[in-house]
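The following pair of complexes shares a single chain, chain A, combined with chain B in the former and chain C in the latter.
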Partner chain A sequence: MCSSITDKTEVQNAVTISELSKFYGEFEALKHIDLEVTQGERVVVCGPSGSGKSTLIRCINGLETFQSGGLEIFGEAAGGKRNGKTDPRHKTGMVFQNFNLFPHMTVLDNCTLSPRKHKRGTRDKLDALALEVLDKVKIKDQADKYPSQLSGGQQQRVAIARALCMEPEILLFDEPTSALDPEMINEVLDVMVQVANEGNTMICVTHEMGFARKVADRVVFMDAGEIVEIAKPEDFFSTPKTDRAAEFLSQVL
Partner chain B sequence: MSFFAILLGIFEGFRVTFSIVVVGLCYAVPFAFCFGILQYFSKGPLYVAVTAIIEFWRSSPVVILLFVFYYSLPAFGITMSAFTVGSLVLGLNTGGYASQAVRAALQSLDRGQYEAGVALGLPRFQILWSIELPQAVVSMVPTFINLWIQLIKGTALVSLITMVDMTARAKEIAQIEYNPVGIYSGLLLAYLIICYPVTIFGRWVEGRNSQEKRA
Partner chain C sequence: MGFDFEYALSIVPQILKALPTTFLVTVLCCFCAAVLAFAMEFTRRSGRILGYVMRFIIDAIRSTPILAQLYFVFFVLPFYGLTLPPMVVGVLGLSVYYSGYLAEVYKAGIDAIPRGQWDAAKALHLSRWDTISVIIAPQMLRNIAAPMGNYFVSILKATPYLAVIAVPEMLGEAFDIASDTFRYAEPILVVGIIFLSLALVIAQLVRLLEERMQQSLKR
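Entry: the complex of A and B
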């Protein structure tokens, strides 16, 4: 029902979430979430804090378990927990709010860790690949530095490079600019726009409405654990259908 | 007997003291990592079992453990040499403490590190080995150095189970010659001489770690 807005019905679904519910004890963090994201689609998830948007993408990535409902990634069911190498969630890459770079490794090693451990190629080949990706996020010259030697914006760009080095089919962003100083937000957003324009499937939890306007195919508005509204960005920002969305927009815009 | 002669006499026990420390460390370090990591991961009955073993070694007085292992166990048909008992008991006692440093260091890591590992599709063991342990080891170092020094000092107790270490040598000299001031200050100095290099080593390691760039 949610994908009715997009007309690319022949395209495969990257993510299919149906009737997904998650509880923390008695508290229902996600209430019967239905969402379909097609391959190549860019979806921005927004909403007030505590609305469950981070929990939702963490469920997609297997960082959170859920109690009921279904989650499919490229048609393969993904259980409540990550399980082994066949888990379809290995197709997802994630960028965190707090970067979560590995402080004991150089920028380059941060990027090559996962491909190395998954034996995607020789060290030289993987280094070369990672340098290409680092070049793309404009931070190649810092490849031999440690994360703490970089600014927040640079660290987040490294984190994006690290996720890209997994060659994921779906990229998840969990408030990637929320921990950044204001002057560093744009350098990260520019990289995200660039990544989006390369046709990657992206699900971004963000408050950056400018980014949503620029690249999102759809905006998902969540409140109190529910999806309240799904709309194209131009419709969502000009004429939100629900009062809750209108109220939220009046606060962030 | 000159003070220097006393010191030389005491150091005749150095080989025993030193061997107990080295073999003790061979018990302590693997025990600390195995049980610290197990305690970090386990739940339910396994956690209780692991904790019970750690607490046994950590909470029992070393003197009593030495006596039990050396004098009581033979009654049940288990006989171990004084050296085995000394290094085992001192090593595992130290290991019990050190396991808590391992567990605490792992627990105090930012959870985001683990999550980043999961998000990169790494298996749990790989996350522990490549991401968690390298960072945790850095914060364990000061505790490990402290415990190492504790272990060295603790070896004085093996003189109670017939071993002729530095302390036993001092007592032997004390029986030949009445010079408590010279002999026991010589003994203190002897332990200081072997403990201080460990302190210096610890400072060197910590200095190296702090140079490494961390977020």
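Entry: the complex of A and C
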């Protein structure tokens, strides 16, 4: 879409975060965060509970406002607050820990709602597109069911399909497998690997280290509202540079 | 003076003459109050200043007697040059009064919707209106069908207030008969039974509606 804005040969930044600070009242949940994610890159964010991982990715798509610093999506500045239809955050899609499917709509309607409201095409065309995506996450046969009729793993796959139907340029995941029963985690991870391999830009908060090793280009480790360490997964897991990361890894691995 | 069953039956047609008025007022008020409450509740949630103003208005509506509100519109406004037909005043008065209560019911119904629903709507970049109309309102209605039905019955039962501003509704009609004949038991009982039947019908309708709305969750 805006691939021609920069004429550099290097890959474009999908997300550029600079000096971003976020306060909840007096409490500084994000402290001067700097992070660049290039187009097509897969980044895994991890860190102890309360370190600000959710807050960070919620800032990227505007679910949270921030007080200072900058956020750019494909080179376009996104302010602390949302800014109507032209907001560059419209290029993001998000998958939540608790799925957050709309319980009063069928699986198919969940997937087509946003494209329909954004007039992406006729109902038939959007239905066909959604079914294609649902097929990809292996849940096409459930298209006419309601979310409450599905298992957790199935619901999360629908949520991924719903995000994909927006054809977002950046996919955000916030602990997509944390609310699942252990036996359902893999079916969701498999879909996420597949999505990752299709070249999407992904920022994924997760403690699934196997997933991180398999698909992540970089691992971002956060603690107490700061980015403590950024490294390639193989380096991060074998030789963490900081004590805080080492301690965290000893707990989750 | 015992209860005269035959006399009771004989006045039924005369009281039923006012039924269309009562019915019309009830339906109009239920509709207007429901729509008005919707606008009020979402205004209360929109901006900071607008929200405070709306909260004050809702509280003010609920904290003044309905008769005071009706008298105000009927007797005070004409003094300032605004004269409305009794029927309009009645529908307006009852609608506004009950919209204050319905807004509170809506609030509870919306508060019961998980925050994640708003998040998901935002993450899908839906406009505020789409979020409200497609995501929030249907779930809210499902949460509040029962209490909302109760207020619809309350609106029906409040229609006799309109007698004070000369709207020809059923209880007023019954009273006219009573004061002509000095027999009170029969007209009052007849009108009571008619109100009871209407209330039962509304309650049943609401129950059916509620069951239908719950189905998408149970399936």
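Points to keep in mind about this one:
Throughout what follows, the second predicted complex is superposed on the first by the 244 of 253 C-alpha atoms of A that agree within 3 Å, B and C clash if a C-alpha of one lies under 4 Å from a C-alpha of the other, contacts with A are read in each partner's own complex, and residues count from 1 in each chain.
Going forward, a residue touches a chain if its C-beta (ideal position, glycine included) is under 8 Å from a C-beta of that chain, and two chains touch if they have at least 3 such contacts.
Small disclaimer: the values here were computed from a predicted structure and weren't measured.
After superposition on chain A, the partners chain B and chain C are seen to clash.
In the superposition on chain A, no contact is made by A:Ser178 with either chain B or chain C. Of the two partner chains placed by the overlay, chain B and chain C both lie in contact with A:His104. When the two structures are aligned on the shared chain, A:Ser21 is found in touch with neither chain B nor chain C. When the shared chain is aligned, no partner comes close enough to touch A:Gln194: not chain B, not chain C.
Once the two complexes are laid over each other on the shared chain, residue contacts for A:Asn186 go to neither chain B nor chain C. In the superposition on chain A, A:Ser148 contacts both chain B and chain C.
Residues 61-63, 89-90, 92-94, 96, 98, 100-104, 113-114, 117-118, 145-146, 148-149, 162-163, 166 of chain A touch chain B in one complex and chain C in the other. Remark: chain C residues 114, 116-117, 119-120, 122-127, 130, 134-135, 138-139, 142, 216-219 touch chain A in the complex.
For chain A in complex with chain B, the touching residues are 61-63, 82, 89-90, 92-94, 96, 98, 100-104, 113-114, 117-118, 145-149, 155, 162-163, 166. Interface residues of chain A, counted against chain C in their complex, comprise 61-63, 89-90, 92-94, 96, 98-104, 113-114, 117-118, 145-146, 148-149, 162-163, 166.
The touching residues of chain B, when paired with chain A in their complex, are 110, 112-113, 115-116, 118-122, 126, 130-131, 134-135, 138, 212-215.
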